[in-house]
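Below, chain A partners chain B and then partners chain C, in two separate complexes.
After this line comes the complex of A and B, so read on.
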């Protein structure tokens, strides 16, 4: 678009101008004012965009650096094998009780939400047609469920499981509440992954005389499994990074869990929540360790999801 | 058509039954919310929106009102928490959205191809960080930075703007707004990126060939194309900010007064629910619990409306094209 402001009738001056534009910096180029204005505007906005990217990446990198550095300098093996102690104001002990508690909560919530979510997804993708009213209602309410604030779920879990069902603060109450939170994510990722399997595969199987049951179990689910695992990984990371649903249902405990009912249970985010609010280095050290463990788990799960999706996708 | 084999029919009905679990959960939640908030709606009605005092009046006499026993002189006002929720979320949108759209533009229009995957990865990583960890970072880094450096500067130089005059507090509105804006960035940025990348390549290349600058291509072709999706992404981010609990509970400062400046301590509906656990056991009339559930109902109604509206605009919010998954 660059218009020279003076017409170069003579070919030698045109050549001279052409060579000049290569050597002269852009702000001295002999171009129209509007062109220059647009170029400057472009540069300014690109600069602002870079600043904005920095504004987000700097806190993130600071967070990662802080917790990696603090976590690695503070952590010792005993922190992972000892539990928080009763007079916790000083912050002695480790986070063993929270790690075992989180694993138990993960086990319970996954045992409920993974089969429910996957089978629901199979129904939505394979059996319900595009215009099935029941399926669209389920889809809508599953989206609504995903949007319910987790603290509200926690309070409902408290009223329903802790008080009405009489389970008390317990691993089962916490795990069930978490599974309600995880279900919509597994359902939707399963449905979408199965829907991505090309119909030619289904048609081939049916044409060869397969029943739909064996077609689904042996073919479409196999092809969809990387996507499904990604969804499950997302749900797993939700189960150990959520705090709000567990405040009222699992409470907290200084001991590793031994029962499913009538016994409060600790969880890793609970350590951060409890000890970050206490003053002093002892409690903060525990919160550092727990944050470090949480971030490592987030990394790990994210990594697994990516590797599975990249390496094992056959479609 | 041959007859459907029995195994297929069984499989179909069993999976159909199991997919009802999402409906079951939603109805359980609604049933519990309605059952437990009913007494509070009868006694307090919509007075919540006009009163600020939250006082269970523990230790006073039990009297009967509207057929329910309540503590004499108890009052449950939400106005502080509703105000806090709306203002912190508005701040999150104000700070978070321009930055998110800038990141999406960076990732789809400007950045060299080699830079895009790692930056995408980092931005999506933000979505996975637990909210208590954001809160802890707020306590350790952001809170002191604001208190010692930024807030005194704003208070002394910009005090002529309403709301910018001191005094400053160690935690408050500005801390919460900034943390929340950081938390909505991955949602808004990654969805915006996904819609922007679908802008027709022919138009983009044609416009560049005609001599438009990168910014003009973005402004005239990519942004108009992606407008609906971006608005949906912003509203989804708003839904996240409205329901966010733990980070605000840690850096909000726990106010029970209305806001008077951008440094004021603040409390949101969700954060207030998180810190009010013990009240439930000490009130013999359970009015404290009922009132908390009414608060939950209001929170659910707001977030549901926001989410339903957003999902109508963003059809697919769960799976990213080969880029991993972001929780939305």
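After this line comes the complex of A and C, so read on.
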């Protein structure tokens, strides 16, 4: 005991001697020789980050300005209530057929991919363990599917639904193709957000005599819902904005949809694609209007998602 | 599932949860009888031929260093290990004479009879009221909203938490302190009207004040429940136990009663553990 206290006294006197040689008060001392250099680097990197943010924001704001400004200056009510005609390029006509077509395609694709994606996500997270062979195969293919170019999926949809199933260019063929595109996003976000619910909660529920299904129903799903909604909204935005798969499966039409099969159907991105390539301001204006409507719809979807998320994350 | 229906037919609202429902004077006459139990995780032999009695209305403590198998043993008692990959067992675990691993025993029904409180407080991130009513709701053990209110209040009272939370039952359970959360978990376990309550190191994440409260609670609960406690803390074991089972590397080293077992251990291993030389 005495030995250690001697050692302590030794080191403290040594420390006192060391500090005595330094005459500068502590608050004027330098942290270290490299400190100044690190401070400069700190400033440079912060500057670079700001520049990067600016570079990202400029095209985004430019795009918003372009479509909002151009779209709003040329838009009129008739653009939303009339359909395109064979002579739309020469003036007259609107995008009513495309809005209704897009909503129909969204309805079909969501009706298929949302329940399917959520159910399989729940299965992957709650029932299939990490080492489950079947689950890892599904996980692998769903990741691959998310990376497949949409035009390739469009061609698959064309072969499968338009030709093999004999549905022709139709809302159902387009909607099914879109649902294949949406499925991996919903599946994976559902799986990941359910897995984030801690196991201690699962154990607590099981120990109270809860069955696995009622545990999922009452607890895990409830807390995974914000994540699931995010995934669904992402998928919905994708479904709104895709063009390539629909070129192969829905084609285009100058009329609002009245049937699910054997009837080509219009969609908003189709208007942008078609009319932005035509000469003259009339068609270009329509493309601007379509872009503006599309952006507004995507914004609306995200806005609704945020409101819903806020309500669910209250507790 | 017939047990649940019986529970549903009781009029819980008019009776104290602690009073007997069988006319014997007390609730919780159930005991375990473990016979030559071996447990494996894949090739790992975790429990090696365990035989012991867990008597009603007593606190039986499983004590031992980390990895001795005490948690595995307590989790066997309400079949929490069923879904652990590679789990298998031999031997018998009898609850009132019936092997809980028999194929005609419903593990869900077993869990309503044998409740559990975990090492880390694990309240559900919902309101205090919803936490306590979770069990009664899934098992439909109440007839009316009023009856459920009574269950929730009595469970919280038995867990010594009622006075602290009665004005904020609808707030999130996550806002409670660690000690309060653990007592909420005890209330939640009581609310399903079990016969046995298992405590798996319930105080290891709590401060001394909360620990003392949980210990008091366990002693109070043994009047009406059979209590099993897992701990590596022998002071705690000495304070609350009626019977101490000292486990080491999957074997029972010694079974005894405090304070005799701590003052005069029969086995040198027990002595080493008590003096802090066994890790």
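Note that the second predicted complex is superposed on the first by the 247 of 315 C-alpha atoms of A that agree within 3 Å, B and C clash if a C-alpha of one lies under 4 Å from a C-alpha of the other, contacts with A are read in each partner's own complex, and residues count from 1 in each chain.
In this section, a residue touches a chain if its C-beta (ideal position, glycine included) is under 8 Å from a C-beta of that chain, and two chains touch if they have at least 3 such contacts.
Predicted, not measured: the structure shown is a model, and the values here were computed from it.
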item	value
A:223 touches, of chain B and chain C: first, second, both or neither?	second
Superposition-derived comparison: chain B or chain C, residues of chain A touched	B
Partner chain(s) touched by A:211 [first = chain B, second = chain C, both, neither]	both
Which superposed partner A:238 touches (first chain B, second chain C, both, neither)	first
Which superposed partner A:189 touches (first chain B, second chain C, both, neither)	first
First (chain B), second (chain C), both or neither touched by A:302	first
Partner chain(s) touched by A:200 [first = chain B, second = chain C, both, neither]	second
Which of chain B and chain C A:116 touches, first, second, both or neither	first
Doubly contacted chain A residues - partners chain C and chain B	211
Residue numbers on chain C that touch chain A, as the complex places them	78, 80, 85, 108-112, 115-116, 118, 120, 122-127, 134-135, 138-139, 172, 174, 185, 188-189, 192
In the complex, chain B residues that touch chain A	4-5, 7-8, 11-12, 14-16, 18-23, 25-26, 28-29, 32-33, 36, 98-99, 102-103, 105-106, 110, 119, 122-126, 128-137, 139-142, 182, 185, 189, 210-211, 213-216, 239, 242-246, 250, 270, 273-274, 277, 280, 289, 292-293, 296, 299-300, 303-304, 306-308, 311, 316, 318-319, 322, 324-325, 327-328
Of all residues in chain A, those that touch chain B in their complex	1, 38-39, 41-42, 45-46, 48-50, 52-53, 55-57, 59-63, 66-67, 115-116, 119-120, 122-124, 126-128, 134-135, 137-138, 141-153, 155-156, 158-160, 180, 183-185, 187-189, 192-193, 211-213, 216, 227, 230-231, 233-234, 237-238, 240-244, 247-248, 269, 272-273, 276-277, 287, 291, 294-295, 298-299, 301-302, 305-306, 309-310, 313
Residues on chain A engaged by chain C in the complex (per definition of touch)	129, 131, 198, 200-201, 203-211, 214, 218-219, 223, 315
